[in-house]
Amino acid sequence: MAEKSNILFERPEALLPVQNTYCPGCAHGIVNRLVAEAIDALGIEGKTIGIAPVGCSVTSYNFYACDMIQAAHGRAPAVATGVKRVLPDHVVFSYQGDGDLASIGMAETVHAATRGEKITVIFINNAIYGMTGGQMAPTSLPNQTTQTSPYGRDVTTAGFPIRVCELLSTLDGVAYAERVTVDTPKNVRKAKKAIEKAFTYQIDGVGYSIIEVVATCPTNWGFTPQGAFHWMRDNMLPYYPLGVYKDVKADGYKDIYEAAAARAAECPLVNKEGDR
Amino acid sequence: MAEKSNILFERPEALLPVQNTYCPGCAHGIVNRLVAEAIDALGIEGKTIGIAPVGCSVTSYNFYACDMIQAAHGRAPAVATGVKRVLPDHVVFSYQGDGDLASIGMAETVHAATRGEKITVIFINNAIYGMTGGQMAPTSLPNQTTQTSPYGRDVTTAGFPIRVCELLSTLDGVAYAERVTVDTPKNVRKAKKAIEKAFTYQIDGVGYSIIEVVATCPTNWGFTPQGAFHWMRDNMLPYYPLGVYKDVKADGYKDIYEAAAARAAECPLVNKEGDR
Amino acid sequence: MPKILVDEFYCKGCGLCVSVCPQGIIELDMGKITGKGYHPARLTDESKCTGCTSCALMCPDVAITVER
Amino acid sequence: MPKILVDEFYCKGCGLCVSVCPQGIIELDMGKITGKGYHPARLTDESKCTGCTSCALMCPDVAITVER
Amino acid sequence: MSEKVLMKGNEALAESAIRAGCRYFFGYPITPQTELAAYMAKRMPKENGVYLQAESEVAAINMVYGAAATGARTMTSSSSPGISLKAEGISYLVGADLPAVIINVQRGGPGLGGIQPSQSDYWQATRAMGHGDSHLVVYAPSTVQEMADYVYHAFDIADKYRTPVMILADGMLGQMMEPVVLPERKTEFIEKPWAACGHDNKRPHNVVNSLYLMADDLERLNIERFERYAEIKATEQRSESFLCDDAEIVVVAFGASARIARTAVKRARENGIKVGLIRPISLWPFPERAIERTMDTAKAYLSVEMNMGQMVDDVRLVVNGRRPVEFFGHTGGVIPTPVEVYIQIENLAEKVGA
Amino acid sequence: MSEKVLMKGNEALAESAIRAGCRYFFGYPITPQTELAAYMAKRMPKENGVYLQAESEVAAINMVYGAAATGARTMTSSSSPGISLKAEGISYLVGADLPAVIINVQRGGPGLGGIQPSQSDYWQATRAMGHGDSHLVVYAPSTVQEMADYVYHAFDIADKYRTPVMILADGMLGQMMEPVVLPERKTEFIEKPWAACGHDNKRPHNVVNSLYLMADDLERLNIERFERYAEIKATEQRSESFLCDDAEIVVVAFGASARIARTAVKRARENGIKVGLIRPISLWPFPERAIERTMDTAKAYLSVEMNMGQMVDDVRLVVNGRRPVEFFGHTGGVIPTPVEVYIQIENLAEKVGA
Amino acid sequence: MPKTHNIILAGFGGQGVLFAGKLIATAGLIEDRELSWLPSYGPEMRGGTANCSVCLSDEPIGSPLVLEPDALLVMNQPSFDKFIETVAKGGVVIADSTMIPKITMPFDVSVYTIPATQLSEEHDLKGLANIIMLGKLFKEIDFCSAETLDAALVKCIPAKKQHLLEPNRKALALGMDY
Amino acid sequence: MPKTHNIILAGFGGQGVLFAGKLIATAGLIEDRELSWLPSYGPEMRGGTANCSVCLSDEPIGSPLVLEPDALLVMNQPSFDKFIETVAKGGVVIADSTMIPKITMPFDVSVYTIPATQLSEEHDLKGLANIIMLGKLFKEIDFCSAETLDAALVKCIPAKKQHLLEPNRKALALGMDY
């Protein structure tokens, strides 16, 4: 991206000049932009393929300038795997909502992670099913009122929310898992860094990377955009603490393979030389 | 169960007087018996419903004396949920292989666990797809040779095994998760205790319980029954350490609800009174 | 002099830029309705803009360009 | 006196009981073939059985009864 | 009798299911059936029933399988892509002879397709809802009143024949409001001695299962099930005939498209064309007898559908070459207009001299 | 030309797919197709290709979707219950116009059913492999040689028409060994300018998608696709006619059951009955023309299938009442015997005076 | 004498056109007529447009989808542009002139403009522009009796929002009297 | 003169009947005949029985599933009991008498017994009872030329197991000469 010296901030080139279809003030728009900025920053638009499964961001195949594939609800990690196995030198990301990633797509999520697929997952945790009009998500908070938890999420019947970063961090294939948010310019900058780092880990073959973005759905939560960020800060952040949940490089390993081997040091078969 | 004074050990009544269909020396047979013994010990045969999904133990619906439901591959936790929601005062267990529970059924597994369904899952980790003739399982070890990893499981393409107890223990719905094995009389006794405890937690409404049994498949591993236990001890136990991974009561809580509330103490919505 | 340009084609009048501008110099233009029916953001006092890009960082519709 | 009874209807001759019996008093009866084609287990020295139930605990086919 | 109320089709399905004794609903959100689940979420807790949002359609249908196996009245609901995901589970329900009710509020396909009304899952519903030799009873309501009536009836049929029953609706019927008189609460239910609900030490253990490793056993079972299917075909065909007594042109249309066809038929009658409408209500069993009865006067048939031509096969199979059978339809969520259908009728009438 | 080798049908499918240029296989174990995956697991690493055991059939078909979207030749394989799980994914392939090959080595159903050979997924394959207005090209080989030939051909057809293609085999064909001459390695492939494989800053971005929120757009696309289907129907019907020139009784059978029917037909000919066999190889498009050509001599048709009667509908739709069409079959994994089929032929001949 | 009405109500999501449509349908229910109400649905919630079709008749209703409305209640420019050409000859259009700057008047259609949104703000009836519009529509096409319309209002306002009844009545009157 | 053979080979899993069948099929391949080989499949691996059907012919083979074998090679009692009644008139049965204590002799069928398992143990050919049986079958029904049979053996024994070739030849000879 050619940077003009008098421009401090402009639309990233990896976003096409089209209006997005998100509601006013929806965090999806911010995160879409951050992904595009990362693509620009790394200069990888021509070799990036994005996967847009069903959810409010489904039409993002129209927004990104890189090649895009629309995927079935929950199956983005499988689709991304198919793509990456054909094009191991390309960059593949999926951009998934909480319903998509953590409910219907849980098996695909866990397995892409444990396989250590060299893909980057951008995970928008807005504690709701946005696109279908505000049903309970796997990440909806206890007592949260939604269309399908009209009396507040009752954990005794609807169960507990899933903390995705915590869950996936137990898997050997995960190189990098961080939870961020985008409620302030400062946090937006942090989120951007995390996304760029995730792409870099993919490019360097370190392993699977996921960035969970604690986000908002003003429309279905029934708040203004500002009010939504408020509610999110008050209620979601205590439940979904921000931070790095796994970073194999920070842990001192080259990649997931080194880290996993160290964890399984006691197993003779794992450490059998020659067969690998 | 009427115990005759001169009998030190006999077939549990919850096992019907039929031959099981397992290969000679297969650990499935031992674990089937332990489940039946637990049912006898707790006197719950009449109000127990077992779920047998696809896998070598599929025909166990013929072995158990309690009511049984055969389930689709991987879907036992969903079927168990359906049953338990209708019959909350009954005892529901599923008996699942590693392919069933941790591969195709991963979404159902994670979600039944996070919902805190009051069911007991008996999970046979034999590092292979037994019934279909020895394909790689989600728990097959790195470098393990199987029909579909003929050159040894290559973690760079087939990914890493999943440690199920570790994974599920991150979820609030899990009351009790323990990994046991059945390679020696002593371990068999421990396994039996664990299974009984899991049923008790269910009956007491503490939450979801899972007992992972590190097991063998002499036929598809290509060992004698004794040799299989050897290989298992040498290679699987270092990878899948035995022990209790979660026990909310041992952690000092009455049930999963108390434990989860404590974990989310900082979230105002969670601690909102009155709505629950 | 730094300043921002709001592209009304993109702007949905969500007001996030308004609330994060440390200078308090953005407002929604209630006198205007865009094609999609929104009141777009506008800079009220160009002279005060520091070019901090806070507004642009928060804009979900990528409607803001910040220039020096 | 403790002893075990092996029900040949169930026994598949896997030999797990043989290898765990601390008294070493179980063997597979090579002279016999069950209906399913297995050599069933049998107690070789009733007098040595301690009734420890180790064999029964390991039997996957629930073929063993231990009596006192 | 209850009073007439104004309700969305999706809500009428939900309320009527509850009145039919359904206390266990397992679903997963999808447009255009979300109101059904939302309604259940509100009402079930008040009925001491269970509304559970499953993790997926696959999980939902298997929860239904579990609940049905205990003998409870249970239901799930989805729309086209979600129904495809239930295919294996539905086949299991059939294989294990379990009663349950499945709602498909169809939308345009294939793939993610669109969310506008469609009837393009006709073949799937009537012939291949999953693998194996299997069928379900399929009802196609065409008013909100029928949404209520047939979901209610579906539970009885499911129990009686031990079969899953599908309500094949569409986005239009699901979303629209009409006045509806809701059925009375059902209080008496059939016994289910086969249910796996805990034997309480009072009977041998029950097993719910669809696995038969011996081919002969499986064949025997399938043949027995097809005997039940034969009985269903004999006794459960449902349809409405409108102006068919002297009809030379017989329009065949179901569900939403039947409403449009009806307007067109009326208009054509006003213009002197002898045209009638057969509206299949049971799509499986297909109302062969109703069509057969029109054969005396009919010179041609016209199947009107919101798809690329599916039910027309069933019409052809009944007519079996005795008369021409034509098709008119729209796909992808486009709703045919009465005028379009009228033109088709007029053209066909001209062609066959009716 | 390659030499004749002895191979299982499942292995021939695998080897021939590799020779057709397939380098991306995604599957999940299920009897009776496990040898296919095992073969791929052995061979793919040596071909620099990918064998990946997916976490489920659902994941496998979506991996295929991803690989196909990049323009690669890719395949998945399963058996009946596993195919049902792929229904949504296959509908997405259709909706996004993606070429791919899907193998169904059928077993008895419904539900878990059995593992013996069956043809009871005919309807699913030909009419409703998922929701929406959709079709796939379906081939039914009946020898191990044809397993090799048609999977090879399938990749070309898939690429040419941008459609998924299914090989509908069964446990018998998958498990049996026969001599087979394997096809040459394919070296030239069609261009795929639509593929999402990274635009390399050389073209506008490509999008692979099946979502069309505007009903008109979706309808337009479906109609375009059905125009392609019309072309496929016109040019891709495949079948084998055996002793049909003067046949008064025409047996119609595909795949494994066609082998048995052939023996019965030969025997009946020896006994002086003028009987022939039409063996549909393309099940969709159904070889209507081949059947039409027998109409001059035929007095009756007999559909022989390993199910409760499915293809017989397609025979009836072609024959359209002009001649009687009967059905004989076994289900649940039971394989009909030549003698049984012979008796059916004899009876039918007597009935219609052939 | 009751007659058939095929009405479209259209505007932005949030303007309350679906609710206004439901009031008409409820009026039909109270008068025991044949009726249908069909919303547009889909991702419209996201700031897009929303509309519904309402039919009242004395015969069973065929297609509930109104393609040639004999009445159009319209509250924004995009909807006006989309539907104005579909109005049947002799039809009636009620347009919110606050929200629709560019109003065209097709031949053979009566277009009534009313600054409903502005009126609602002026009369402290924020959010009730839809009801003002409905009042105007009622005045022009008389789709039910006045008592019925009031009864419909009572029926459609949920029990715990009964304090909104009076403002709604005021809004209705405002539209009727405009 | 070549003739048609429809053979069933049956025994316990692990006795090698599928391999013996494959040898016959390979012989057919070498002699360029029409042939098929079809195993029973399923959860038989678990200690159950295994069998396969092999057809050799000069015409395309219809059903590869042999229902009335003209030759039966059988290595355990359950399989003997299951298949003996299906053997065609004039058919040949080779039965391993070590494994099949109860042998019946139907009318019009030639039953040859051979203690193959015992022979294999006595001659240090453990695990090759199946090949001994095959030798006997070859002697009785002559399904290919002797050179072909040897060539089939060479072809079917994998490269890295060539040390097994000689023992196999010995086993074959043992059966042929019994």
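By written order: A, B, C, D, E, F, G and H. Residues from 1 in each chain.
Methods note: a residue touches a chain if its C-beta (ideal position, glycine included) is under 8 Å from a C-beta of that chain, and two chains touch if they have at least 3 such contacts.
All values reported here derive from a predicted model rather than from experimental measurement.
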Steps needed, at minimum, to go from chain C to chain E via contacts: 2
Intersection of contact partners for chain E and chain F: A, B
Centre distance in Å when chain D and chain F are each reduced to the mean of their C-alpha atoms: 53
Distance from chain H to chain D - Cα centre to Cα centre, in angstrom: 36
Chain A and chain C: spacing of chain centres that average the CA atoms, whole Å: 28
Mean-CA-position distance for chain F and chain B (Å): 39
Contacts with 2+ other chains: residues of chain B: 22-24, 58, 70, 72, 103-104, 106-107, 110-111, 133, 138, 151, 158
Residues of chain G touching at least two other chains: 42-43, 47
Multi-partner residues of chain F (at least 2 other chains): 31, 50, 52, 55-56, 58, 81, 88, 92, 96, 111-112, 115-116, 209-211, 213, 335
Residues of chain B that touch chain E when the two form their complex: 16, 45-49, 51, 58-59, 61-62, 64-72, 75, 78-87, 90, 107-108, 110-111
For the chain H and chain F complex, residues of the former touching the latter: 22, 25-26, 28-29, 32, 35-39, 41-42, 60-65, 67
Touch list for chain E against partner chain B, complex: 24, 26, 50, 52, 54-56, 58-60, 62-70, 72, 74, 88-89, 92, 96, 196-202, 205-211
Chain F-facing residues of chain E, complex: 58, 80-81, 83-85, 87-88, 91-96, 106, 108-116, 118, 120-121, 123-124, 127-134, 209-223, 226, 307-308, 310, 313, 316-317, 319-322, 330-335
In the complex with chain F, residue positions of chain B that touch it: 54, 58, 70, 72-74, 99, 103-104, 106, 129, 132-133, 135-136, 138, 147-151, 157-158
